[in-house]
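Have a look at these structures, which come just after this line.
In what follows, subunit A forms one complex with subunit B and a second complex with subunit C.
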Partner chain A sequence: MGYKIYREKFADLFHELRASYEIYAPVTKKDKGMYSDTDLITYDKVESFTEIVFDKKTFFSPKEIVFPIRQTLFYFTEDSVLEPTKLEKDIVIFARACDINSFRSLDAIFLQNGPYEDPYYKKLRQRVKFILLPCDGFENCYCACLGTNITDNYSAYVDVRDDAVYCKVKDAYWKGLWSKYGEESEVEPRYVSKNENTFEIPQKINNSIFEHQMWSEYTNRCTGCGRCTVVCPTCTCFTVHDIRYDDNSKYGERRRVWASCQIDGFTEMAGGHGYRHKQGERTRFRVLHKISDFKKRFGFQMCVGCGRCEDACQEYISLKNCIHKISEIMAEEEKV
Partner chain B sequence: MSVDTKKLVKNAYRVTKERYLTALRVRVPGGHLDTKQMTLISRIADRYGRGEVHITTRQGFEIPGIPMSRMEEVNREITPLLDALQKTTGIDLKVTFEGYPAAGTRNVSACIGNRVCPFANYDTTRLAQDIEGIIYPNDFHVKIAVSGCPNDCIKAHMQDVGILGQVEPLYDSKRCIGCKACVDNCRKRVTGALKFHNFTVQRDHEKCTGCGECILKCPTAAWTRGEKYYSVVIMGRTGKKNPRLAAPFLRWVARDVVLKICENLYSYIDKHIDRSLPKEHVGNIVDRTGYPVFRDEVLQNVDLGERAMVAKHINFGGYEYHSNASF
Partner chain C sequence: MIRNPYMPQEAEILKIFQETDINYTFRLKTDLKVKSGQFLEVSIPRIGEAPISVSDFGDGYLDLTIRKVGRVTQALHNLQPGDKFFIRGPYGNGFPIDKLKDRRLIVAAGGTGLAPVKSLINQYYNDSLEIKSLQLLAGFKSPGDILFSSELEKWSKKFPVEITVDRGSENWKGRVGLVTKLVADLDISEVENTMVIVVGPPLMMKFTTQEFVKKKISIGNIYLSFERKMSCGIGKCGHCKIDDTYVCLEGPVFEYSKAIQLLD
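And then the complex of A and B:
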């Protein structure tokens, strides 16, 4: 069902929604950009509709809402274990199609990748509803190349134009709320149909790519800062620590913390042994996971083409460019 | 030909080695000017000088080869430069067609700052212009430079007053992935103010320079920018007697404190300057009165704020040409 709701009315609707949900959306954090006098556009909890930023891509992705950067799994004492039990409200996330689609990749890893579901992820994930945002695309957006420009997985869609908010509500439970504030109107989500920059992932990526010298360029360029992975909505690697409290080392907590295949120490073993020491090897591992290995296992691409890895890389390393190179190498091999 | 050299010097010209030829120094506070002014400077150099411009160490321009007989014409020509100076600094020069009203207080120079540089903690050009607005025109011989961060690319440590931008880094442990990029960088490039303990970063505020590099290094924005602060170093100088680096005077003070102490500095000089000398340099005045007198007068009526640190005493050191050398 579609609705047109005037802005002030929508603010009331939002207020009512907030009573039942924790709402996350893109916001501007003033002066919180890395550089002085710059802002950070990112996801955060919002109190009012006016805080939401509709016209900018967030630097970080919404994954941290369901997969916190640092999460206490349980507390331990000498003879007991305690799980954090705080009961929270359900969660609403305002997101573009690519970001909503990224949850499909997250779900695959956390819920379908082995015999057990990840209970910590599931606990948060099952509380989430999405409100879809329209999108006109940004620099480094590749959603249309991956089909992640479109989604069906949303409870409502909102598009703020001039003095009104145009909505489509799919969630039966929400229809009452929306009809209370707006008049019915024909609304269909607006998606990006073509990206300014594009790539095409080769159908077949041969193992020969592993040893190819193309990766040595990244050994020279990549600094191993890990930004590309922390901003990626589909990177899910984590590590687990037991923290013992300083004043009583018998007490403590077990935490899980994001990890990154681009950063030193990833999958490091006793004696400092690691699988991939060179940044080129790490980049290969990351890129092939995004555009090939995950698909072999789950049948769809992990990468949703949001382009955040490119937005964030201070060395201007481009995923698009890397995929182009792989395509060319594969095409060359086809010919031979 | 009769020339009042005192007036000439005040007008930012100089007596050069070539008789009857002078050179004009153009102020560029903050080292930033628009291309219209550049064009005018080059036109003046073409029309009155030798078609050459010298870039000064203080980020101004010096136009050499101007006949002294044409100074009045040049003064009229530079009116748009003086207008621009008024506009950027807020100074009221009263008359702008009579040339620069003073030259003792030198151009306030600045590194490129946060309009371009990722490391800069603030807009250095703006601060330089605001300081210029407070201290110019003035005959006292004072050199001030402002730097965007403690790396001090503008060499604020060679000035009477050097301002270095600081930022208070704020740590949100919930966002930290423990990559230690901040810790390693601070140890290697800065002062080693960070420690990694129990999977969490700890910052030693005493050691922290407020450079903000940890914020730049952090991939997750666990470090973000807090308040802007400034540190002030004083009485650095070159010269033929006792060159020395400026010494730390204030740390973690706010922008308005910086402006206020620049203003107070001039009352201090006015009170203590030895008027029997042609021009006494502020560094020499401080050598005479001692640091405590300087400190108390410059900090008069200044609300330093909670975070401020003030040097208890200063040993300026430096070296003496005649005694510290071993040839």
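And then the complex of A and C:
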């Protein structure tokens, strides 16, 4: 069902929504950007509709909402192991199609990979409803090449234009709320149909790529800072650590913390033995996971084409250029 | 409430056996059902968690042979019989017992790599593993690093056991040299009917496997046990991933024909 709702009315609707949900959406953090005097656009909990930034891509992805940077798995007391039990409200996330699609990859790892569901992820994930935002594409994006430019997985769609908000509501539970504030109207989501960057994602990547000299360029350029994995909406690696509290060493926690395959120590084992010491090898590992390994396992691409890894890289390393290069190399091999 | 797979269970230490200066076997009281080649996540609250292979098991107990190398393993070594620590698992696939049936088996182990195969060897020793024959080749850094000495002694009375050390000592009368040399010197009868298990440090596995291939053992008849950094054991943390494979789920034991496809 579609609705047209005037802005002031939508603010009231939002207020009512906020009584039942924690709402996350793109916001501006003044002067917190990557370079001095720039703002950071990122996801955060919002209190009012006017805080939401509708026309910019966020630097960080919404994955933090369901997979916190640091998450307590257990609290330890002297003689017990306790699970965190905090109960919270349901969650609403305002997101574009690519970001909503990125949750498929998170779900695959946390809910499908291996014999067990991850209970910490599931607890947060099952509380999430999406409000889809329209998108006209941004710098470095290539979602249309991956089919992640569209989605069906949303409860409502919200498009803010001039003095009104054009909405489509799919979730039966929400229709009452929307019809209370708006008048019916024909509304269909607006998606990017073609990005500025359009290229083929290679269907098959041969193992010959492992030995290819293309990776040496990344050994020279990549500094191993790990930003690309931090901002990626689909990177889910973590390391588990125990800590003891400073004020009482009998108490402590077992936590998981985001980990990055780009940073030293990711594969390091006792005795100092590790794999992929060169940054080029780590780039290869990351890129092939995003566009090949994951797909072999789950049947769809992990990368959603948001381009955040490129936005965040201080060395201007571009995943889309890298994918493009791999495509060319594979096409070249086909010919021989 | 869904079951929490990260929740560890407390287990009591029944006995501790010193193997070498830094390797101790901990016998735990538990009814956990495990298979040879599987591993557990072992932990001490407030210190941390580490993957450790099951080195042996029986009615109501299992053994872990742990090398003291860092935070968790150090803390484990401070414990006494009667103390408890935490375990969860078992994880991983274990050795392919069905594929070994009625075959000749050669096990090549390097250092602590002997731990994950110990229970398999003991099953054969106790006549509960249906294979035609077993031969063990084990390599250690020095005579002081030899694990399970009394078992090796016992086993050698029943089947061929060859031990070599990288560096000998004054009292060492045995062989000196790498495990690869033991393989090179082998005279393998019934090549097609021979299965091989190689477990040890990465370089040892690489060269030992190549040596077996030179001996015309088919790559489908060789199994390796991988060691990778692991932070969960259940396919979530991503540390053990190689290509589309998770060592903690599909491994740690891989057929060599698959292992050569797993490029780091």
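Here, the second predicted complex is superposed on the first by the 335 of 336 C-alpha atoms of A that agree within 3 Å, B and C clash if a C-alpha of one lies under 4 Å from a C-alpha of the other, contacts with A are read in each partner's own complex, and residues count from 1 in each chain.
Just so we're on the same page, a contact is a pair of C-beta atoms (placed from the backbone, for glycine too) under 8 Å apart; a residue touches a chain by one contact, two chains touch by 3 or more.
Remember, predicted model here, so these are calculated numbers, not experimental data.
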{"item": "Partner chain(s) touched by A:His241 [first = subunit B, second = subunit C, both, neither]", "value": "both"}
{"item": "Touched partner set for A:Phe54, first subunit B, second subunit C, both or neither", "value": "neither"}
{"item": "First, second, both or neither for A:Tyr6, with subunit B first and subunit C second", "value": "neither"}
{"item": "Subunit B versus subunit C as contact partner of A:Asp37, first or second or both or neither", "value": "first"}
{"item": "Subunit B versus subunit C as contact partner of A:Tyr21, first or second or both or neither", "value": "neither"}
{"item": "Touching partner for A:Leu73 - first (subunit B), second (subunit C), both, neither", "value": "second"}
{"item": "First (subunit B), second (subunit C), both or neither touched by A:Tyr191", "value": "neither"}
{"item": "First (subunit B), second (subunit C), both or neither touched by A:Ala259", "value": "both"}
{"item": "First, second, both or neither for A:Asp118, with subunit B first and subunit C second", "value": "second"}
{"item": "Touched subunit A residues, subunit B compared with subunit C", "value": "C"}
{"item": "Residues of subunit A at both interfaces, subunit B in one complex, subunit C in the other", "value": "241, 243-244, 259"}
{"item": "Complex contacts: residues of subunit B adjacent to subunit A", "value": "114, 118, 120-123, 165, 167, 173-179, 181, 198-199, 212, 215-217, 219-222, 224-225, 228"}
{"item": "Residues on subunit A engaged by subunit B in the complex (per definition of touch)", "value": "29, 31-37, 40, 42, 59-60, 68-70, 225-227, 230, 241, 243-244, 246, 255, 257-260, 263-265"}
{"item": "Touching residues on subunit C, where the partner in the complex is subunit A", "value": "2-8, 43-49, 67, 69-70, 73, 86, 201-202, 227-229, 231-232, 234-239, 241, 243-244, 246, 248-249, 261, 263-264"}
{"item": "Footprint of subunit C on subunit A - complex, ascending", "value": "73-74, 76, 81, 83, 109-110, 113-120, 122, 207, 210, 236-244, 249-252, 254, 256, 259, 261, 266-271, 273-276, 281, 285, 288-289, 292-294, 296-297"}
